[in-house]
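Letters A, B and C mark the chains as written, and numbering starts fresh at 1 in each.
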Amino acid sequence: MQIALIDSSGPEPVPLNTTGPLIGIIGSGDYSRSLALRLVLSGYRVMVGSRCPDRVVSSLFPDGVEICSQAEMAAAVDGMVFVAVYPEYYPTLTGLREQLAGKVLIDVSNAAQLRAEGQSNAERLAEIFPRSKVVKAFNVVSAWALQAGAQDGSRQVLVCSDHQDSKSSVLQLARQLGFIPVDQGGLRASKQIEEAPLILFPSWGGPILTTFLIFLFFYFYIFLRSVLLPYLDHGANTFSQLPLIIVNQTLPVVALVTLALVYLPGLLAAVLQLYRETKYQRFPGWLDRWLCSRKQLGLLSFLAALLHAIYSMCLTLRKAAHYNLLNEAYQQVHAGLEDSRVESQVWRSDLYLTCGILGFGVLALLAITSLPSVGNTLNWREFTFVQSGLGYAALTLSTMHTLFFGWNFAFLPRSYPYHMPPVFLLALILPCVVLTGRFLLALPCFSLKLTMIRRGWESPSKLCEAEAAQNFDNV
Amino acid sequence: MQIALIDSSGPEPVPLNTTGPLIGIIGSGDYSRSLALRLVLSGYRVMVGSRCPDRVVSSLFPDGVEICSQAEMAAAVDGMVFVAVYPEYYPTLTGLREQLAGKVLIDVSNAAQLRAEGQSNAERLAEIFPRSKVVKAFNVVSAWALQAGAQDGSRQVLVCSDHQDSKSSVLQLARQLGFIPVDQGGLRASKQIEEAPLILFPSWGGPILTTFLIFLFFYFYIFLRSVLLPYLDHGANTFSQLPLIIVNQTLPVVALVTLALVYLPGLLAAVLQLYRETKYQRFPGWLDRWLCSRKQLGLLSFLAALLHAIYSMCLTLRKAAHYNLLNEAYQQVHAGLEDSRVESQVWRSDLYLTCGILGFGVLALLAITSLPSVGNTLNWREFTFVQSGLGYAALTLSTMHTLFFGWNFAFLPRSYPYHMPPVFLLALILPCVVLTGRFLLALPCFSLKLTMIRRGWESPSKLCEAEAAQNFDNV
Amino acid sequence: MQIALIDSSGPEPVPLNTTGPLIGIIGSGDYSRSLALRLVLSGYRVMVGSRCPDRVVSSLFPDGVEICSQAEMAAAVDGMVFVAVYPEYYPTLTGLREQLAGKVLIDVSNAAQLRAEGQSNAERLAEIFPRSKVVKAFNVVSAWALQAGAQDGSRQVLVCSDHQDSKSSVLQLARQLGFIPVDQGGLRASKQIEEAPLILFPSWGGPILTTFLIFLFFYFYIFLRSVLLPYLDHGANTFSQLPLIIVNQTLPVVALVTLALVYLPGLLAAVLQLYRETKYQRFPGWLDRWLCSRKQLGLLSFLAALLHAIYSMCLTLRKAAHYNLLNEAYQQVHAGLEDSRVESQVWRSDLYLTCGILGFGVLALLAITSLPSVGNTLNWREFTFVQSGLGYAALTLSTMHTLFFGWNFAFLPRSYPYHMPPVFLLALILPCVVLTGRFLLALPCFSLKLTMIRRGWESPSKLCEAEAAQNFDNV
């Protein structure tokens, strides 16, 4: 991404505040410039230490930033110094060891690639400057975010250090610059912080893969059942259904199954707790991970439902639909049939459309509340109500949508060509399991015991009850 | 909601920062564990005081958390202590009164149910520990939010206490943990804070009820007019319209009327001010509440409009539409009518569709800017411009949508079966009133005086003018 | 916008915290009242200095606020004093010069209109009170936001002052009141801060104008080509296409061209860098501005695409579509044509619908990630991936959408009535240029050099390489 060197949308560089605290930067690259700009705008004085200051195009820096040699800078600044050079050049800075002793060095570098072993850049810097206080911060922030004042991209700044006081002053600085600092503890966390930018959407990998595999399976199932086999069987050419029709038959199935997968782990967890008669045991890892990816699964299910909705609303735009209508009209005229209306079909289509639309609407509400800014305005009970209450409403409605769609076709022999059941039957299995499970767990016999367990009760002998019962947990 | 005990999406527990400040927790439940995790991740040292520490499964706590008896903890910690046991067990803590004297006790409990009288948990705790400084906080935060680092659910933490200094240190702590603390004043506010989680969407009750009643009224009006009476009258069976058609005739009416209700109170307020010739008198309570629920009404109106849009775009998917077309084609062929096109109907449908789509688009923009994160990026003048300017544009467009839809039908006798006017006429009353009122208030004679009044002018004798005129108000 | 004097949705005014710090307000208008309320709710004590305190309706202020004469207030308060009177009345405050000496005066006023020269209100205030410390703040905050606790409208508070210490205490205060303070440097920045509210959506003017002109051009081109000329030529009356059909032919073109305009400047910047062999030269101003308005252009492109989608899905609702179908059915019956299906047309429509829907879906994802609250949760690499990766995917898909739509029509003579090419051809020019350019820049010969340049490499002699290469930049 190319960076505009002065952000025109943001405020103009204001005259240098000559009383503000002085902060130093080693290096004169883009990052250094953007950093200088943000610091000046926040009322700090900035000194940039360069190897060959005379060569630096000072016009690229905001007014009032002083450009000098690294040594001069290191000597002048007695507070914080940003190290904005590539890690491989840290050794070239050893000369500054004396002047930087006792001062705060902020390491802003990223990891080049994921490495299992080896120390982090910040740790190496700390080795080179044993008497300075190294703080890891700002690496996840782009030069752009620094200039535009954190308008887009992340505003979170992960900070860690072994020097508590230096760390808190950097946390303070980050806040002053308009970012949201997050304290990550000791410098040993720096490796993870440096590698954070290398992992794209860590929490999305699993859910996306799952959804994609579900899509593939059902797409090929439908392809086989309604295109390939009929073609091989009696040469019926319906390949023109591949791009749109079959996709639009697959998407609702994906949406429904994925939505069921959102609520299945919660049930499993409950069953596990009922069986163990305690909640004080860790869940197996897979269940833990599953529980943590419910939000992603839910959003992917919504995406599939959305696409299904758009596809369906475009169905009548298709030339094929156009032709079918004309041909049917032709047939009807030739058959001399005055009214072709079949009341039951009218009811069927209206009912499944209604359920579908309402289910989609509820799902959309869910998706909206999962926007951070909206979720933040809910207290946790409201959030739970929306996520679980509305969630099951959506699941029920979309299941009814599918049932009405299926109508009585499941009982007609012609719905099983080549002994393959219609896809909506397969789609219904998981949701029905989940809804039944949910219903059973709602029965007093189970729900009461579950509440006790979640309030911390345990079958005697495991834990002194007084303790167990008195523990407050906001679940 | 089941809580994964260690949040896998968040950062790994980092090695204990042995220099960080020490914080204590009484109780070893889920909440205690989650709290300990968040504290450790934010660089604090944590000591958990349990009744029977030997029984606590310490593996459930993040590394480095020290688990000991309540007495040991109380003795060791000299800063803040979280009380994470259920209120009914507070009396069991009296033994710690001595060790906890002069220390900050943070009460995280919720109210069990809404009670008019009686003291809050925090107040009871303050009675039990007269010499400790009790601060109410973190009760609206879920164990989950603590673990996941306030990713979802509320990030707001309501804080109150009678000890200003202790309160500000807790405010600081909440900020460090990544929450947004909101100071609510003295401990007397704790009752309200504890009961906050019990009230679901307090500001939504009224608006939702209003909208629902409007929906019911119009649904039954249409049902009576176009289904029941025709059936009783000449046995016309159109009950298949119940699930979809009639709903889709009701929704736009609801959307339009509700949207008008968003802008009516503003007009009433203005008229009231013009009449009173001052703004320094409170509005009647009902108007106050109405003014405060405009945003909710607006969003509900948008929801109805959205559903109407989706329903309408699904109309041609209905089997009924399919049959009607075929039958009409049959009729046309038998009538030997080569071109059935009626130009005026073409204009009508295109015009009302255009107005509808544009009105919906503007309404969508409004809904988007009412997302907190978007609204926050606007300054208040931009926000007002969007909310009132675009709002009236949407109202005008949807009124035109209805007018074009009505076309000349209002003047045909057959539009009044059983002397019941068509529903679009009823729907138009309120919007037209609002638009007319808005237009009148825009006339110089009124607008000028209104501006004066809002700038603080009053009819003489009420207030010394110098004072009135000089008051700055950002309205 | 009328302000409800006490915000009923927010917390009730809590009993005055008699130990909190004391803050003064000059003036007793709406803004003063709202400010007082927010301060009291945040645990401060408030004194309101009025010209004629006996005339002030104290019931309008929250409980515990003390109303007295300006002189009394100025004498009592020794910390911060808000000046909430209109600038033109500042001179009336000269009497307080003595009592306010050494204290912090907060100027909350706005500029009446944009003025090139002249000093700001805050600067004038600083002249009148030479011995007080004037801080500019809170002017962009509405009385409403103060009451409702910054629920809607901006939460940003721009702060500037020449007194660093006073400024930081005001920054602190703003944070305590639940706002997001942004330090803008010295008092010289106050003019700009005061004028901020006068400029509506400064960053949107250019993009909106551009998009609108593109719309106008293509709308009239289509109008000329398919309505006006045919009418003049052989009196074909197709004016009923104006409101909907032609708009829906123009919108996709606007969406596609605007989307191309989002990615063009990035290419130009890269080419410029390749040509200059350095990135250490400013881009020309127009390119800078263009680069900074990419987000706005992208959102406008999405808006056009959204409208196009809705319009298209409403096409079959049009009476005209209804009539056409019936007439075609009539024709087919009379022609005795049993099957009018044209396979190639079926493929065409399904393919362009699919591409269109997918392209729109990707564009929607882009729009969602540009919501501040969503963007904030991404780190900058994820953000770049989404914005550029998905962006080009959307561009490619919508280009294919147009190509499939165009099918082979570009090669038929009848597509060039009056020698005017079909509009989809014109629409394709820019996107194809952008995609080709992107492809060329991806070739190793260019991409490698570009990476070097962006890492700070320069053709020798310009800058000592050690320096250049070691500069860390997060781009």
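The rule we apply is simple: a residue touches a chain if its C-beta (ideal position, glycine included) is under 8 Å from a C-beta of that chain, and two chains touch if they have at least 3 such contacts.
Model, not experiment: these values are computed from the prediction.
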| item | value |
| --- | --- |
| Rotation, 0 to 180 degrees and nearest 5, that superposes subunit A on copy subunit C via CA atoms | 120 |
| Interface residue overlap between copies subunit B and subunit C, same or different (over half shared) | different |
| Separation of subunit B from subunit C, taking each centre as the mean of its C-alpha atoms, in whole Å | 24 |
| Subunit C: positions in contact with at least two other chains | 151, 180, 313, 316, 325, 329, 333, 371-374, 376-377 |
| Of all residues in subunit B, those that touch subunit C in their complex | 151, 160, 162, 164, 167, 171, 180, 182-186, 188-189, 192, 202-203, 266, 269-270, 273, 279-283, 288-289, 291-292, 295, 309, 312-313, 315-316, 325, 328-329, 332-333, 337-343, 345-351, 353-354, 357, 360-361, 370-385, 387-388, 456, 463-464, 466-467, 469-475 |
| Subunit C-touching residues of subunit A, taken from the complex the two chains share | 1-9, 11-12, 14-15, 17, 19-20, 27-32, 40-43, 50-52, 55-57, 59-60, 84-86, 88-89, 92, 108-110, 139-145, 149, 151-156, 176, 178, 180, 196-198, 200-201, 240, 243-245, 247, 303, 306-307, 310-311, 313-314, 316-320, 322-323, 325-327, 329-330, 333-334, 371-374, 376-377 |
